[in-house]
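The next part holds the structures, each set out as C-alpha cells.
Each of the next two complexes has chain A plus one more chain, namely chain B in the first and chain C in the second.
Coming up: the complex of A and B.
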C-alpha cells in the first residue's frame, strides 16, 4: 500500500493538516475588528457535546460510521452542560482524541466500499490528484460539518491538502482522507461559533447571523446540525423573517428527530452523565450492574420522550404517572414480570408499587444515593436542583457525618434526625430531606422496601406546612409547585441560547412560564414559543477577558450589541 | 316455560357450575444449579478418602500402561502421549487414544473391544436421592436417616473425579453449571396449588420447562433472582409432577411414568422413568431438593463419547470403556419388567432454584404448570437455541468435516527421529 509510505512522509502530511487547520483556527479566533461598524463577529463559542458530534458525523457521512473514542469531559454550569459548553476549550490530550477520531472516520468514509457516497464526482484517476473532484467533496462535507458554506480560503486550504496527499501517496482518496481529517479537527466543526452581524432593520444594532440562528434551532430541536433545508433558509435570509422562522419551526417540531432533541435535552437536564462513574456496593445491591445502569438510563429517556414528545402530555405528569417502559433487567429490579417478546415494553406499575413518575425510577433513585444506601438528602438536594432550579450550597468542610453513616442502626430518618442536632446542618436538611424521606420506600438502586434494619420506614413528610406521604404524595405535591414548570422553561431557554438566564430575562421567562401553563404544559409547544421569540436570538457579548489595551474598544462593542 | 324463566334458569345454572380449574397460588423459579446427587463422604477437599470412597477419588490411569496393554509398543505409547506430537491436539487430545480395542477398534464406539478395567464405585452406605421403588430395604440411607434411597448412578460413578466432591464443588458440576450460568441453557420451574397455603397443599403441580431466556448473573457472581423467563415449548423436554406440600416440602404424590429434562451433563436430554420430586420452599423464597427417576444409562456413556473421548479421559481421569461396563453392570431398572434388560439406572439430581417470573410462550400473563408441548415448533424445524459443538466430533474424536475416524498406520505412530522422514507427519 502506498499510503503513508514513509514515516517522514506521514509527518509531512500531518503537518500539512495542522497547517490547514491552523488557517481555520486563525480565522475563527481572530479578535473582532476594533471598528465594529458593518463587521460580523463571534459572540459565543460552544464546544460540541458528544451526542452533537455523533449526530453531526451521522448526518455528514451516514449513521453506520463507527465513532469509537473518548470525549473530553463536559462541564455543568447553572444546571446544564449546554451552558458549561460555552466555557470549554480543548486540551492537548483532547485534541489528540479528536485527531484519532478524525483519522478513524476519514478512513471509513474513504474506504472503497463507501467512497462513492462522498460526492457525485469520480476522480479522473484514483492514483492522482483531481482538484475539481476534491473541491466537490470538500465543499459538500465541509458545509455539513461547519454548518455553513465554506469560505474560499477554507475550501482552498483543504483542496490543497488533498492534492498534496494524493501526490505524495499516489492515491486520490488518501489525499481526500487528509482533507477530511483537516475538516474534522477544525475549530469550526468542533465548536459552534455564534456570529452576529449588523442588523439592517435596526441601524447600530446587531442580530445573529442566519447560520447561527439555524444552529440554535437545530441543536435545540434535533441535537444535530442544521439540515440542508435549514441551511438554505439561513442563507436566503428566511430565518430573519417571522414567517420564514415559523415555517422552519413547524418543520423542526414535526420531525421525528424532535425526539432525538428531547433525549439530548433531558439527558443534560437530568444529569444522566452521572451514570458514567456510578458504582454500587455489590453486596448491598447484587442486581446492580452495568446492564442495569444502561437500562435505567434508557428507561428514563424512553419514558420522558414518549410522554412529552410522542404523547405530548402535561409535563407535570412526569411526577405522577405510573406508566413507563421496562426491559428484562428492570423488571427484575422492580420485581415484576416482563410480559413481552421484545427487548422493551410499556408497563404500568400497580398502585401498591408506589411508583410515581421519573423520580421513582431506578435512574433518579440510584444516581442520587450512596453506594450502599439510599440518601434522602441527596435525593432532596437533586430534586430541588434539577426540577426546581434551586441549588443547595455544599456542606461545611468540617461536618461530622458519622451519625448518618451508621447504616446498620435504625432507619435513615432516625440517623438524619441525629445528624440535624448540628444546627449548622439543619438549615439545609430541613429543605432537602422531606422530599427525600418520602422516597425512602426505595433503596439505593430503586428497589421497593418497607423495612430498614428491621424497622418500619416512615415516609411521611412536610414542607412549608404541606403534609404528604410516600412517593405518590410527593408526586402530587410536586405537580402543584409552580417552580417546576418555571424551572423547565428556564432550562430550555438556557439550553438553547447557551448561557445562564440572568435578571434581565426574568420577565421574559415568567411570560413563557405563563404561556406554558395556559397551553397545558406541552413541552414541544413551549419549545416552539421560546424559539420563535426575539429573546431566543438576542445578541449578547460574551463576558470574556480582553487585553488591557483593548478595553475601551471592547466597551464600545458592548454598547452596540444589545 | 317462558323465555324469561328459561333465561333466569340458565343464568342460575351458569352460576352454580364449577369454575374452570385455576391455580390458587403459583410460584416460579429458575434453576441456578443442578447436579447429580452424589454424597461426599470425606471431611474436606474433593479427592480425600471418605466413607463413600475409602481409597479417595479414582486416580488418573497410567496411560502408557493402558496403551501398551492395548498392543502399542512403549515407544509408540510415549510418542502418542507426548505433547510435542503434532497429532495430539492441545484442545482435543490424541485421537489415536480411541484405537486401543482389539484389532485397533475404536473403544469409544465399541467399548467391549477392550476388557473391563473395573471402575471403582462407591462402597459407602449413605446416599442422596429418592426412594424410587418404594422399598426401604433397597438402596442407600439418606444423610438424614431416611431409608431406601435408590441411586445406583451414584454407586457406579460416585468415586469418579467428574462427580466426586461436596455439593457444587465437583469438577463436572462446576463445568456444566458454569456453562448454564453463562447462558448455554435455562430450566425453569413452575409450582402451583389449589389450596390457600403453598406450604401445605394436597394438590400441587410442578412443571419443569426449558426457556430461551438466559440466566443473568448478579454482581456477586450468583444467579440473579426475579428475572423473567419465557417458556420455550419443546416436543421432548418437559416434566410435570403431581405432588403435595407439607410444611413447605413438596413431594410427589405419585410416580410419573416418563418425564424429560435438560440433563446438566454430557447426555443433554435426560429421560426419567418412574420419576419423583422432593423439593422444599425455602424461607428466602428459593427452592431446593431432588428430582429423580430411572434414566437410560447408555446415553450417559454416549454423551461422554460425544464430548470427545480423549478429552474426557485425560481431564477426568477415567477410561471410558470402564464407565460403559460399570453403568451396564449397575443398571437396576427395566421398563419391560423385572426380567427385562436393565436399560435404566436409578438416579437423582440435586436442584437449587431462585425465585423468578415465568411466563408462557406468548409472554402473556403467568405460566401455569401445564403441558406446552403442542406449542413446540414442528419437528424438523431448526431449534434456534440448541447448543451445538463448534467442532466436528465423529466416533468420539475431532476430525475435519468429511473425514473418517480411523486409526493411523503403525508407520505414523513413532516420532520422526525414529522413523525417518516418513514418520509422523
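Coming up: the complex of A and C.
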C-alpha cells in the first residue's frame, strides 16, 4: 500500500506541473489505484516468437497459408528466448519484414478461392464497399489475431481502411486485404500485451485479466493463441475460478496440440536457433550440409516430444535412452542402416554405438563444437547451462596464456590439461571439461571415432569425485543429478510467465520440483501443476512510466521551437 | 485515422501533448523536405558506415606491434598487417593507442572493447550496452529522406549487429549478398534514373494500412510502464520509418549519376572460413556502395566477423579465436605467426570493402571521398584480451571534412575520442560523448577539416 501512496503522490505533483505547462498528458499509469481505478494496466509486453506467429496465422486463416520471410533475431535471457522476448521490440528492418509478410498473407486469404472462409457474409457487390460485411470479417479475424475482442475504435479504424480501399480500387476484397494487413502489423498482434485489472476479491490488488490468463495457458501448452473455447472461458470469467481453470487445463493437456507446445519449449530451451548460423568446414566434414542440419534438428525434436509428451516417460531418460528417430541423412552420419520406406523411422542404437540420449545426438554434438573440430569445453559449458541452469562465468580477461600452447599432435585432452594448471582457468574448466571429454568419441558433427591424430581418445572423466567413462557413463551420471529436473521446472515456469525466476520464487520452485519427482518426472503433469498454481498468474507491476515532469519539460522545450 | 508521422503532424503532436516518448530526433525538424540538405541549402551530408572485425591486430610482445606505424601525421608507412590498406592509404587514417577506461567495470572479454567505442561506456554485462550505439545518432541526423535510414549487414553468416537504440535489442542484419540485394534492389526499389517514372497509386493504399495502426499509439503509450514504453516507442519509430519509405515512393526520385542498378548476386556458399567471409564482404560492399550511390540509404553498419571471431583458414581445424590464445610467440620472429597471417587476411576484407566504395565515381571524386567509414575491433592484442590500443581506422574524405591519410597516436586517450570525431565529421549534433572516465568533448581535431 505504501508503494501506491508514493506513486499517487508523485502523480499528483506531476499532474500539477503538467497542467501548469498547459499540456494535457495522459498520466494514467502513474497512478493506478486512484485516477484509473477499475482500468486495465499493461504489465508486460512480449514479442511473438516466429513459431507463435506462424501458429497464430495458421489458426486464424488455415495451415496452408504460406509464410515466407525472415524474422528478427531473438534474445536469450536467463537461459530462455521466452524471457528475452519480454525485452525485445521491433526494429525498422524487422517491421519491413512484418509489413511484407502481412501483404503476402492478406493477398492469399482474400484470393477468390479462399475468401468464403473469411466470414459468413458476402458483400452486396464485390465491386463496392460493404461496411457491414467488412466489419464482420474484421471482428472475426481481429479477435483471433489480437487474442481478445476488438474495441470499437480498433474495429472502426479497420472498417474505414477497408471502405477507402474498396472505393479506390473498386474491389471489396482489395479493401478487406488492406484492413487485414493493418491488423497483421498492429502491435496488439505482434506483441503479447499482458494486462492486469483490479482484483474484485482483493481490494487494492491486481490480477491478470481473463484473456491474459488464456494467452499464458495456450502459449505454454500449444505455442499458439487461445482457441475460441479458451477465449470464451476467458470472457465468461471461468478462468478466474479454480474449477474453470482446471477444466481448461485438462482440455489443453489432452489435446494433440500439446506436442506442438512441447516442440516450441524444447526448441527454445535446447537453443536450436544456433542452427541458423551453423557452418562446418567442408573439408573436415564433407557429410555436413543444410539437409543434415535440418535432419539433426528434427531428430532431436521428434525424439524429445515422443518420449516426453507422447509416451510421457521419465524426463531423466532423455540422457540415457538409446531409442531415437532417424532419416537417410542421419543414418549415413551415424553409419547405421536405414530400411524404412518412409522418411523417418524409429531406431535403437546398439550398445557399442555409445549413444546415450540427447547429448549424443548430432544436434548437441555439432551445435556446440568448432567448424572443423569438436570442443569439450563448449559442450561442457552448454551442458551445464542448458540442462542444469548453471551458466559459466565469462572467462577472466587477464589470463596468462603463455602456458597454453598450440598442439598439432595428440588429443584435445592434452591441451585442456594446460588450462587446469592455470588457476584463473581451472575453476571453470574443472567443471566444464570433464563432461565434454567424456563425449570425445564424437567429432564436431557427431560421428563416432576412437582416434584423434592417430592416438586413442581417452573418454574417462571425473567430476566432484564421481568417475565415469564415455557418453553412457555421463548419461547415467546426469540422470542422478537433482539439478537437472530442478532446472527443467525453473525453465517451464520462466517460459510460461516470461520472466526470470528470482529468489522469492525459490521455495515455490523447490515445491514444484519435489512434486515433479514424486510423480515420476512426467513433464505434461508438471506443466499442469505449474499452470494451475497461483504463482503462474502472479502480477508484477512494472516500474512507472517516464516521470511526467520530464515530459512537461521536454514538451515545453519543443514548444519553444515554434 | 489522422496519425501520420510527418514533420508537421509531429509538431502538432508535440504541441498537443503527445510527446511522452516519441522517438523522433529533433534534428529531423531542421532538415528540408527530402532530408538531403540542411534547410538553408548548405552542403550535403556525408555518408557514414561502421565496419567491425573481430580479434584486433597483433602485438610483438617484446615491444611494438605488427600494425602501428612508427611515424605519426600524414604519410605513415605501411606495416605488415596494414598491407591491405596500401592502395588507399592516403584515404585512410590510422588511430592507435586509444583505450577503454572502465571506471572499475570488468573487462568483459570480446565485448567491452567495441561496446565502449559504440556506446561510450564500459558495459556492465555481456551482450548489452548501457547506452545506444552512436551510429544511431548519426542515422538520426543524416539518414532521413532515404528508403533505409540505416542498413545492417553481416558477412560471416552470423546474425550479428552491434547497432542498438535500447542497449538490449540490436539491429537485424542481412547475412547474405542475395538477401541484401533483395532488400535494396528487389520489390519497392525505384530506379532514380528511370525516365518513365510514375507514382505507384497502390502506395497510398498501403499508407492507409499504417494510419489505423498509429491511431492506437496514444492509448497504448499511456497505459504501460517505463520499460514497455521504450519498446512501444521503438515499434512506432519503425512504423514511422515505413511511412517515410512509402511517402518517398510517391515522389519522383532525384537522378543519381553514379547509380547503376546491379544484377542479382549468385547465391553464396555458406561458410565461415576467411576466404568465404572476404568474398561475402566484397559482394556486400559492392551492394552497399551502390545503395549509397543510388540514394537508398546514407548510413550502414557492417560486421565482417564478430568479436571472438570464429573464422579460420579453409581446411584448418582451429578457429582464429583459439589460435590467438594458444599460439606461442615465435621466438625468432617475436610474434604469433599464424595469428598475424589471419590478421592480414581479415584486414584484406577491409581493404576490399573500401576499394568497392572507391570504385564508384561521384562528382569529381569517388563515393569513398564523400563517405566516412569507421572501422574498429573488439580488442587490441587478442591473446591477452587487451582493451588498450584497439585498432581504429577512419576512412574516406567525408566530403572534405576528414583530413585523411594520417596516423594519430592516442597515447592512452579514451576510445570515445575517436567515436566523437566520427560523429562530428559525419554531421551528428554531438558536442561530447561517453560517460565517466570516457566522457570527452575533445574530438581529434587533427583529422577535422
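The rule is simple: the second predicted complex is superposed on the first by the 492 of 562 C-alpha atoms of A that agree within 3 Å, B and C clash if a C-alpha of one lies under 4 Å from a C-alpha of the other, contacts with A are read in each partner's own complex, and residues count from 1 in each chain.
Here is the rule we use: contacts are C-beta pairs under 8 Å (C-beta built on N, C-alpha and C of every residue); 3 or more make two chains touch, one makes a residue touch a chain.
This one's a predicted model, so the numbers in the text were calculated from it and none came from an experiment.
Participant: A:340 in the overlay: touching chain B, chain C, both, or neither? Say first, second, both or neither.
Facilitator: After superposing on A, A:340 lies in contact with chain B but is clear of chain C.
Participant: When both complexes are superposed, which of chain B and chain C contacts more residues belonging to chain A?
Facilitator: Higher number of touched chain A residues: C.
Participant: I'd like to know which partner A:483 touches here: chain B for first, chain C for second, both or neither.
Facilitator: In the superposition, A:483 contacts neither chain B nor chain C.
Participant: Just checking: does A:328 make contact with chain B only, chain C only, both, or neither of them? Give me first, second, both or neither.
Facilitator: first
Participant: Going by the contact rule set out at the top, does A:282 touch chain B (first), chain C (second), both, or neither?
Facilitator: both
Participant: Should A:114 be classified as contacting the first partner (chain B), the second (chain C), both, or neither?
Facilitator: In the superposed model, A:114 contacts neither chain B nor chain C.
Participant: Could you tell me which stretches of chain A are touched by chain B in one complex and by chain C in the other?
Facilitator: 282-283
Participant: What does chain B use to touch chain A in their complex?
Facilitator: Its residues touching chain A are 213, 216, 218-220, 222, 224-228, 230, 357, 359, 362-366.
Participant: For chain A, which residues count as touching chain B in their complex?
Facilitator: So the residues of chain A touching chain B come out as 280, 282-283, 285-289, 291, 328-329, 331-333, 335-341.
Participant: Quick one: which bits of chain A touch chain C in the complex? Just the residue numbers, please.
Facilitator: So the residues of chain A in touch with chain C come to 23-29, 39-45, 70, 72-73, 75, 87-96, 99-100, 102, 153-154, 157-158, 160-161, 164-165, 168-169, 174, 178-179, 181-182, 185-188, 190-191, 193, 276-277, 279, 281-284, 290, 370-373, 394-399, 401-402, 404-407, 415, 541-546, 551, 554-555, 558-559, 561-562.
Participant: Considering only the defined contacts, which chain C positions touch chain A in the complex?
Facilitator: Checking each residue of chain C against chain A gives 1, 11, 14-17, 19-21, 26, 29, 106-109, 112, 126, 148-150, 152, 157-159, 166, 168-172, 175, 179, 183, 187, 201, 204-206, 208-213, 215-216, 218, 220-235, 237-239, 241-242, 245, 270-273, 310, 312, 314-319, 322-323, 325-328, 383-385, 387.
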